[in-house]
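Encoded as structure tokens, here's the structure I'll be asking about.
Note that the chains take the letters A, B, C and D in the order they are written out, and that residue 1 is the start of every chain.
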Amino acid sequence: MFTRTLEPAFYDTDALGHINNTRLPAWFEWARNDLFRLFTPNLDPRKWALIMARMDVEYRAELYYGEEVELRTWLTRLGNSSFTVTQQAWQGGRLGAQGNTVMVHYDHAAKRAAPLPEAIRAELQKHVQEPAEAES
Amino acid sequence: MFTRTLEPAFYDTDALGHINNTRLPAWFEWARNDLFRLFTPNLDPRKWALIMARMDVEYRAELYYGEEVELRTWLTRLGNSSFTVTQQAWQGGRLGAQGNTVMVHYDHAAKRAAPLPEAIRAELQKHVQEPAEAES
Amino acid sequence: MFTRTLEPAFYDTDALGHINNTRLPAWFEWARNDLFRLFTPNLDPRKWALIMARMDVEYRAELYYGEEVELRTWLTRLGNSSFTVTQQAWQGGRLGAQGNTVMVHYDHAAKRAAPLPEAIRAELQKHVQEPAEAES
Amino acid sequence: MFTRTLEPAFYDTDALGHINNTRLPAWFEWARNDLFRLFTPNLDPRKWALIMARMDVEYRAELYYGEEVELRTWLTRLGNSSFTVTQQAWQGGRLGAQGNTVMVHYDHAAKRAAPLPEAIRAELQKHVQEPAEAES
């Protein structure tokens, strides 16, 4: 599991006084930098090898500006050419949001999915975990 | 069904040369203004009556800067206090993304879900449609 | 002068209940699409010929969600290889924000400023106006 | 001077392959959290005491995804009720952008500027610096 801490910005809030729902997919993408580095160590976008097939977010509790957020990122599925990333945003000991993203290893030249290279699969395997473990 | 047209901005793109995935939840929220007006006709955030329980987006095809996007918004479920909004982003005759959002009618003072008022339910009912109809 | 209408999104607001200051540069970039088309008619980013040298925004009055915003865009300076775009955001007959952007015609291959082509300069010239005219 | 490090997100980029210009005002607002805490230690938006009068950003060099950015924040003017914040974004030893923001101490109830409280002024004074010192 990868964990990182984020300090919300004022622009992350909305007129209801808490973090706007559209910021969670953005925060989660930022936290996936740790996974992106396994595919493209220097994060050069010209060497990008992933696309996003789907994403979901469950909003469990309000998140606020003014307090740090812990983002947890791990894998809950590792397929042949795709995998599912599960992520959580915690604040003050409370789970604020949880989401899943299906990422596909992609050959941008051939415009089709490509099997995960073995070396990367081995790295990804280290971050596979049951959803329940992380939620407890 | 509500439809509206959006002209992408340059900042909607990312280094892969197309629309960044995090913009879809934002575009879809913008398109839900039509639904928000049924609950709060002048859109005054101090009278807000909805919260978001969950959201998902499926990315079907790349979306690009430089061409208008048609956003389609309808309901695929109408419950007692919540409903599911289904939305699509079309560009050049192609479905680029489809998503669902579960919205809950919420009493912000009591901090709990509240049944949908009958007048609003009647309006929402007019926008309930099968997913398949809209996709064809 | 180019004018276009924008309907604010809920995510444009912040916890103070109005439009967040960081949205104005984004809205203004979106409105510059009209100018970008003079340089790259199909808006293909691979054929981009402009870079941004500086930008300023003056915040004159609060802008709100729930009411349309009129964006006005014109030129207040037309130089050899650069020009200044002046933009305003009006809501309910009130000037909410005004900004200037210095754009440079840029040769991305040679990595240096390039003189404005005559045909484009002629088009830009039609949109040059004194700041005072537009503000009245 | 306040300094903080930011790791760019993929969504910060645009189709030109670098950081989009509209992200700088957002990054700078995030870095001003250190100043906001002097006014509202717990950052509760309901106790907010500042508004933004103007902002400018100069774009000096491209900023990229994949490398940390150092944000530097200090004051270059301290007036009776307002002050000017100067900020820089450095990446790989290069100044990528520099901006100024004029913040006004504001009485939201009375809807007018209010003199800076002495205790806060004393704190702000510690962060006043000439622009040249920070740029060297």
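Methods note: contacts are C-beta pairs under 8 Å (C-beta built on N, C-alpha and C of every residue); 3 or more make two chains touch, one makes a residue touch a chain.
Since the model is a prediction, treat every value here as computed from it, not as a measurement.
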Is the number of contacting C-beta pairs greater for B-D or for A-D?
A-D
Repeat of the B-C interface, chosen from C-D, A-C or A-D (over half of contact pairs identical by residue number):
A-D
What's the distance between the Cα centroids of chain B and chain D, rounded to whole Å?
34
Please report how many Å separate the Cα centroid of chain A from that of chain B, as a whole number.
22
As a quick test, compute the distance in whole Å between the mean CA positions of chain A and chain D.
28
In chain C, the residues touching two or more other chains are 10-11, 13-15, 17, 21-22, 26, 29, 45, 65
Chain B contacts chain D in the complex at 10-11, 13-15, 17-18, 20-23, 65
Residue ranges of chain D touching chain A (in the complex, touch as defined)
7, 9-11, 13, 17, 26, 29-30, 33, 36, 42-46, 65-66
Please give the residue numbers of chain D that touch chain C in the complex, ascending.
14-16, 21-22, 25-26, 29, 45, 48, 51-59
